[in-house]
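I'd like to ask some things about the structure below.
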Amino acid sequence: MTLLELDHLTVRRGECPVVDHVTLPVAAGECVGLIGPNGAGKTTLMRAALGLEPFSGTSSLAMLTAVERARTAAFLPQARQIAWPMDVETLVALGRVPHLPRGTAPGAVDRAAVDDALHRLGLDGFRQRIATQLSGGEQGRVLIARALAQQTPLLLADEPIAGLDPAQQIATMQVFAGLAQEGRAVIVSLHDLGLAARHCTRLILMHQGRLVADGTPNQVLTPELMAQVFGISIWRQDSPLGPVLQPMGVL
Amino acid sequence: MSVFPAAFRTIALGVALLGAASLAASADAPKRVVSMNLCTDQLAMLLADEGQLISVSHIAFDPLSSPMVEQAARYRKNHGQAEQIFAMQPDLVLAGIYSDPYSIGLLRRLGVEVVQFPMERTFDDIRANILKMGQILGQQDAARQMVTQFDTDLAALGSVTAEHPTALLHYANNYTSGDKSLAHHILLAAGFANATTEGGIAAAGSVPLERLLLLMPDLVISGQTYPGASRAEEVLDHPALRRLREKQSGARLTDAEWVCGTPFVLRAVMRLVDIRKRM
Amino acid sequence: MAVRTPLIIVLLSALTALFFLSVIIGPAGITMADTLRALLWGQGEAATLVMREIRLPRAILAVMVGASLGLAGAAMQGYLRNPLAEPGLIGVSGSAALGAVIVLQTGLAAVWWLALPFAALGGALASVLLILLLAGPRGSSLTLILAGIAISALAGAMTTLVLNLSPNPFAASEVVFWMMGSLSDRSFDHVWIALPFMIIGWILLLSLGRPLDVLTLGEDAAATMGVATGRTRLVLVLGIAACVGAATAVAGAIGFVGLVVPHILRPFVGARPSSLLWASALGGAVMVLAADLAVRLILPDRDLKLGVLMAIIGAPFFLHLIYKTRGEVR
């Protein structure tokens, strides 16, 4: 089942295309890693796909009404904003807002969704903590939990593991991979090619607004493409514990 | 104002006669007189000889404050500033006790004689100021005649009464007048009792509206309103007072007849007597 | 929506108690029994006039104005995600006062009774739009305060000018009223002028609970959670303009209510913007009732301006908030 369909999606800043005719279907069960250098258009692509930026071409998400879209796709922006000192549980429960008709209180289903999201991110002991008093990494996990609580078929996460410690980076990527295995789809932008290689089912490589490569990690993470797009040399090996990839040097 | 009784015409006549019948001034009387205060303006216009008074204050031209706008038109207008007045080369300047002391000081240093008149708070003060003005302008006989006429007119108003309904003087900012004011004596002269003093509020000044309401006066006399708008005047039309006026009576006073102690206060007394008789 | 029952009970009790005190205390020195007899059964002609035409509308206005200002402050802070955002401080009240003064002095207000609230609303609307334009979707403290200073200064100067040009001898001295606010000698006339606008403002702002909650996570997150951000902004602007415009039209510019009240109550509602809306409306009513009572008790005969008292209480809060948020002031 296709959860997202982008067709010649183009975003221009003035004359310059920031996202240049990207055509992309995302199906249920996929954990799509969005990689590319800074300024490649990853964030803009996600925002445009969600209808947060004006664009030409089509995006299946942007065609939905605001509420339908909120029930179809959750978005985790790159900037981690928690404006008020709310407790973690309340904050995560905000993810249920799209599912609550006006004037209704959260019910058992909603509480279960919040519990599940907190549990997946290892935040069970943080329920009553004030979110703004947590460390940056912990706040990042709280916000991921909020997006999970939205329980949408599709999740778009913009650099969700930036600033997390190694254990939390791995745990978070495992959560995303787990969602894909459950039949949902995740699009996650990230800079850690090693984690991308291990946890994503599919990688999309962007460069200067264009989609340069789209395929399995093996197809995308080739020395040639890495050299061409990132200007780096890589070392990669298939180990018994899965693929290992390490950027080695700048070309 | 056709409702006014014959007494009105008596006063008007009296005042008019005085102007015409003023006797020739004595030789040492001032010849170029400038008045810079609304109240001295009126007394001077009533008593001065033809050509003796050359200028009156600009307020005398304002119908909201001056009962003698028409007469004022015959004189030059001054704004109470020393420079302007000095340029008129007066040999006498008439001022009020509260006129700008800076201007008065400057005029005196320039060698101009300035006579200040006290504020009139009672009818005796009015008589005294009329006589004083007559003295200064060299019109003693006219002044004495005016006082006599004033007393005659006052008596003719028929304000002696057994019943003394209370009247509340209510001005902008909830200001009210106590017994040290001319307005108080105008009320008494018209056969009213001042609700404020009767109610034990001795001093004049701003009094909370609710305390004024508790006086439950028989008549509310409201200060006049000026053009433009102000919160200060908004209280004059407060719904609580409207309610009061529905039950009791109310009158709007015109400042022109109340502010200065001149024979014109008789018009105010006359209007009040008329209201009282209809109550 | 977490209902914090104890907080609501405390606020409602305080509101009831202060309303009662506000009605029975006054310069006329009527005994408590007589005030209630007059108020409820109309016994005693003079006392009834005092109670029903002076004290009751004053207490009702205090509640209305306080609720409107508290609510407007909470909504504005929620939307801009900035605890320093307050309609009074950033010139919205001042601009509303300018609108009011213009129609009063040109005589329009005397011709059409709705001209006064509409003009105040218009002034407030213009300044809110300007502030949002300058401060951007996320109101950074620096632009917010700088824009506020400029708008306040301009509105204050223009108000002073209009009053100075007035032919009315009393008008010039009333700059103080328009800039500091007072409820003295108000009447049911003012209640009826303000009430329709305030009710509209309350409905608009209270409807923003969910969008404001979700905006805690930022504009992008909110937009992907079903919040129509454009509509939210429109509702917010109109709601604030209606509340602040109507309050200022009848009571002058009373500052700091929308700052202090949400600040005090935020911890009690778990910082949740939607709960803070209700709480701040109640809290604002409590605060203005208390302040108006204090004004009457401290200097009964001098018409101490409400805004003066609010500034004495509120300025330390404001300074404290600036101190606390100075790290993020950009």
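Just so it is clear, A, B and C label the chains in written order, and each chain counts residues from 1 on its own.
Note that contacts are C-beta pairs under 8 Å (C-beta built on N, C-alpha and C of every residue); 3 or more make two chains touch, one makes a residue touch a chain.
Since the structure is predicted, the reported quantities are computational estimates derived from the model, not experimental observations.
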| item | value |
| --- | --- |
| Fewest hops from subunit B to subunit C - one hop per pair of touching chains | 1 |
| Distance-to-centre winner among chains (Cα means, whole assembly as reference) | C |
| Intercentroid distance (Cα basis), subunit C paired with subunit A, Å | 43 |
| Subunit A and subunit B: spacing of chain centres that average the CA atoms, whole Å | 86 |
| Two or more partner chains touched - positions in subunit B | none |
| Subunit C partner contacts - residues on subunit A that touch it in the complex | 47, 50, 52, 66-67, 69-71, 73-77, 79, 81-87, 90-91, 94-95, 97-98, 102, 105, 143, 146, 150 |
| Subunit A-touching residues of subunit C, taken from the complex the two chains share | 1-2, 81, 210, 213-218, 220-221, 223-228, 266-267, 270-273 |
| For the subunit C and subunit B complex, residues of the former touching the latter | 26-28, 30, 45-47, 49-50, 53-55, 104-105, 107, 109-110, 166-171, 173-174, 177, 185, 187-189, 300-301, 303 |
| Subunit B residues within the subunit C interface of the complex | 172-174, 206-211, 213-216, 226-235, 238-240, 243-244, 247 |
